[in-house]
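Just so it is clear, A, B, C and D label the chains in written order, and each chain counts residues from 1 on its own.
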Amino acid sequence: MTRAIIGYGGTDRGPVGARADMTTDLAGIELPSPILTASGCAASGKELDAYFDITAIGGVITKSIMLKPRAGRATPRMAETPSGMLNSIGLQGPGIEAFIEEDLAWLESRGARTIVSIAGETVDEYGKLAQKLRNVGGFEALEVNISCPNVDDRGLVFACNPDSAAAVIQAVRRNSDGRTPIFAKLSPDVTSIVEIAESVVRAGAAGVTLINTLLGMVIDTGTMRPALAGLTGGLSGPAIRPVAVRCIFQVRQAFPSLPIIGAGGVRTGNDALEFLLAGASAVSVGTSIFNDPSAPMRIHDELARLVAERGFARVSDIVGHAHRERDAIVTEAQADPVESPEGAPASDPDDELSAWDFVRE
Amino acid sequence: MTRAIIGYGGTDRGPVGARADMTTDLAGIELPSPILTASGCAASGKELDAYFDITAIGGVITKSIMLKPRAGRATPRMAETPSGMLNSIGLQGPGIEAFIEEDLAWLESRGARTIVSIAGETVDEYGKLAQKLRNVGGFEALEVNISCPNVDDRGLVFACNPDSAAAVIQAVRRNSDGRTPIFAKLSPDVTSIVEIAESVVRAGAAGVTLINTLLGMVIDTGTMRPALAGLTGGLSGPAIRPVAVRCIFQVRQAFPSLPIIGAGGVRTGNDALEFLLAGASAVSVGTSIFNDPSAPMRIHDELARLVAERGFARVSDIVGHAHRERDAIVTEAQADPVESPEGAPASDPDDELSAWDFVRE
Amino acid sequence: MPHQVMGEALDVRRAGSYFVLSLTAPGISEDARPGQFVTVAIGGLESSMLLRRAFAIHRVQSRGVYGGTLEIAVSPHGLGSRWLTERRRHDQLSIVGPLGKPFSIPSRRVSCVLVGGGYGSAPLFMLAEHLRDNGCRVDVLIGASTEEKLFGVLDLKRLSSSITVTTEDGSSGETGRVTDRLAELIDRSSADIVYACGPMGMLSAISAITAKRRVFTQCSVEESMACGIGVCMTCVLPVIGDDGVTRMVRSCVEGPTMRGDRVRWADVGTIPADAWGAAEAP
Amino acid sequence: MPHQVMGEALDVRRAGSYFVLSLTAPGISEDARPGQFVTVAIGGLESSMLLRRAFAIHRVQSRGVYGGTLEIAVSPHGLGSRWLTERRRHDQLSIVGPLGKPFSIPSRRVSCVLVGGGYGSAPLFMLAEHLRDNGCRVDVLIGASTEEKLFGVLDLKRLSSSITVTTEDGSSGETGRVTDRLAELIDRSSADIVYACGPMGMLSAISAITAKRRVFTQCSVEESMACGIGVCMTCVLPVIGDDGVTRMVRSCVEGPTMRGDRVRWADVGTIPADAWGAAEAP
């Protein structure tokens, strides 16, 4: 399990194997890899650049930024859970101005591809964020984190109501340049993810990011109180991967040509492959970074081999492949050189054989 | 980690410690323990009786039974996931008649306490099941599994719609004796679990069971197809525990006196304690049985000690305890014998100390 | 009566591409019969793998220096089995067993052919000993894709009247599959009964051959199992009962040994439309 | 510059109620400075515990037979730390480090008091050596609830001009807490600077004492961390900046060493209303 930090295009150390072309088209943006960092799990990429070349993966989705500086929630802000964790950071951040001046500028000078994630408490705030960003540019796409409480709607999360979700996307679209693709990041905590996806697509999202965290809670059995100061938190990590795969599969089935950024518990190239097969065009890596700071690079590398091993030259060719028509059904018995069991002995249970007097010892 | 099979009231082998009174009131039923087996994870208790005394735990919630014999879904029916699993059994079972004659009769003769779980495809089927059971008796409560596709509503799951959920509970209540408590088992795959809980309570449920599995999916990266024959499956196990705790906490907060059976990833006495603190009166153990067939007994035992260690004589006294008012806030600094930092040196960053010329090597 | 015990790893040794684990398993080794299996937990509370893995009981010793011990043959496949092969002496393992229905043993002195594919030959050791002790003739036929994946050739030679080995790549024995040699061996040994353990495709093909010759056949099937003890219903396959009705039968408690002529091999992985409780066509 | 490496356990030995792990950690041991920490992954892909655990660097050796090695002192607390204490020689561990801001070292030859609570004395070893090499006077004050939970008394005695030990139950040294002895020790040694590592309550109390005496104080704080490398924002606490403004500061990159007079101890666990970016009152 030695984790080598292999630069993109660097030397393979494992058994020499083919690597697929990892170039990815995401709603018209060309990326050198489908592997991205997930919002809130990589800050703005600077710290991770010490562990791998941040320009060698597909890109960085930055921590959701708000209009004003924000101190976030009280601590404790996290609790470990089986194969996952809860977080309740509360969107701590420097506000859009400082973000543009420092973080976005650093990413641009470093040559990384950036997807800027924005978050607000009112529809209007999202619009203002889009406007400010439109004026500066220097990023590939917008991801709109709508898993935020809507202060104008009794604190109900935008992503849990198709109308609020659509209103946010419309506001962002109206205030951005019309060329930059907008991804709506959806919450899995809804009765129908397809319904929400439909409403944001109608509102002008170029694609969707699936999934944000699940609402969860841990009680500290020592203090006998909720473990997080914010009571509930967002569940992430491999624990939620099957929920993410299901959401991606469902949305892909409903909208076969909609670009999807997958997220939720990706830890290995094999997990990323699972997301692509389900229908994601790109995959973002979040919580696994906390376990392995070079995870995005490692996953890129593992994925390149797995795709090639399956006979695909380009990673893009495998996207949505799990949705293909069933192959003609050939059972192993039929495929075997031995003649198939005609005369159906199975339907003849009362023959001489059963007369045999077997005694169990 | 030696797992001793200790009968209820049996000898403790560990360091002698007090054990709490585990008697539990669940919507008027008295149980010797809050620990139950979860529906579908213990069949009808017979197989588990080889690993521990099935009468020593609170009771058995039987595998959801339908009106007619049912072959279930095609295989593969399961996939392991990080700290969990997916299942798509499809309610395979012998039908209510055979269930009453064989399973229920066995449980009664064995002296176990039984909660019968029922499932149907139409509102009418649920009513018929309740009627048949009413005529025979021999069980303590009904659990109504409403996480089934409603054939009269385009296959939408009853538990995902407050009206369908209520209709099922009404039908069951009308057809049962009015004394036997009815628990509605809810799905977490909804935008608001409190909304669904409210509607089943209004419809006459004595309590709720929280939670059933989350809808999930795994893609087999070898075949590049969904791993389960049924495509999607139900996610269970410790992975979903934080979601279960959150649902229990939310429903308890909304309906402080509503009896709740908790379920979802309970593996240790500490996990069961977490559920009780969040507001569950009883806790059912499901997937963990596959890991440890004597888990319900072990968990009962661990819980009895943990509750006593916290100074509670009765397990029932700890139910919902995480909802108590905040204690007067005493910070550690104030509790310390040392005088508290008056004169707030912290607000004085510009004093002589900072003039010190520290050089980092 | 199954036991749930903590066992200790006594030894982990390589055998071709497999690993043989010797474990103490008090109670289990004493009660085990040929064809039964055990399940082993993968790690403790810190493990993300909840499901036990099933392994055919390869050999048992009930009165060793360590009390009862048993051996399993593990093929390193995914994360769980690989974790097992990395155990070291003195590591503790949680073991449940013996589980499942053992092979039926003939009450007369008959001629038996034992067929094993890959690690499928592991449970044939106990069976061969048992049959020989009962005075039966035992001929063994084992095969694999390549030499490394043959299991226990030398030991099985000692336990049998004859041994035939096949590999698909010809690296050992005859080139081909066990099914290429089975008919001939049945005829040569005048077999009354065939026992088979290996991949489902092999069992299906064997059952077809033996059905034609009307030779009684018992197969040990391998379906994915969540519980291994009969409570979860994940491990079912379509089997015809004495009453002629097909039911979805749990292979962990009503198997893993099953009559080859009763399993509806071509329908494994489906719910046949005529199965008991099958949904009417939509 | 942090490194991410696979290290090997060389030795795991008990020390009171703690375990000292010696690990190879090429690169890390060479670069480590007093007060920095490493994070260790708990198990591999099969583990259900995703989050690395942070441990203060206790000792390093950069040119041993094994290349660079380092030691950490682990208190068996929950599942993760207990898993670590169960490692054996040759086990592989994934290690990231050195992380965090080291203790500031005075550029003059001054008198230093080092205070450690429980395993909090672990990082004081490197610090004491360093200070002594620079010609500083080092007095050590360590305490714990009971003798077993004292860490490294004998070794620290060798590295210091004086050592004071306190236990709350009086099982070793003086009965009481380190804070009962600190003022006296500061006066006796004419301390210019206090370094402290231990539970947050202790650090808070120490900072109160040293503030009154206007002695410069550096504390190594311990906040729960998800990433340890500055990307997640879980490890924050309210700290007053040079500009007098309170910010929620990441203790993994802007700590764990912090000026005692800058941390708003009483407000740890809250967002003070006057903090930068605090929500307006609702």
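Criterion: a residue touches a chain if its C-beta (ideal position, glycine included) is under 8 Å from a C-beta of that chain, and two chains touch if they have at least 3 such contacts.
Predicted, not measured: the structure shown is a model, and the values here were computed from it.
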item: Touching subunit B and also subunit D, the following chains; value: A, C
item: Selected interface, B-C versus A-C, where C-beta contact pairs are more numerous; value: B-C
item: CA centroid of subunit A to CA centroid of subunit B, Å; value: 29
item: Distance from the mean Cα position of subunit C to that of subunit A, given in whole angstrom; value: 41
item: Centre distance in Å when subunit C and subunit D are each reduced to the mean of their C-alpha atoms; value: 55
item: Cα-centroid distance, subunit B relative to subunit C, in whole angstrom; value: 36
item: In subunit C, residues with contacts to at least two other chains; value: 45, 48-49, 268
item: Where subunit A touches two or more other chains, by residue; value: 82-84, 237-238
item: Contact graph of the chains (line, ring, star, complete, other); value: complete
item: Complex contact set, residues of subunit A against subunit C; value: 82-83, 238, 331-341, 343, 345-354, 356-361
item: Interface residues, subunit C side, partner subunit D - complex; value: 42-43, 45-49, 79-80, 83
item: Interfacial residue positions of subunit B with respect to subunit A in the complex; value: 79, 81-84, 86, 160, 189-191, 214-219, 221, 224-226, 231-233, 235, 237-243, 245-246, 249, 265, 270, 273-274, 277-278, 306, 310, 318, 321-322
item: Residues of subunit C that touch subunit A when the two form their complex; value: 33, 48, 102, 104-108, 177, 179-180, 199-201, 204-205, 207-209, 211-212, 214, 216, 240-242, 244, 261-266, 268
item: Residues on subunit B engaged by subunit C in the complex (per definition of touch); value: 1-3, 5, 40-43, 47-48, 50-51, 63, 68-78, 80, 82-85, 87, 89, 92-95, 229, 237-238, 267-268, 287-294
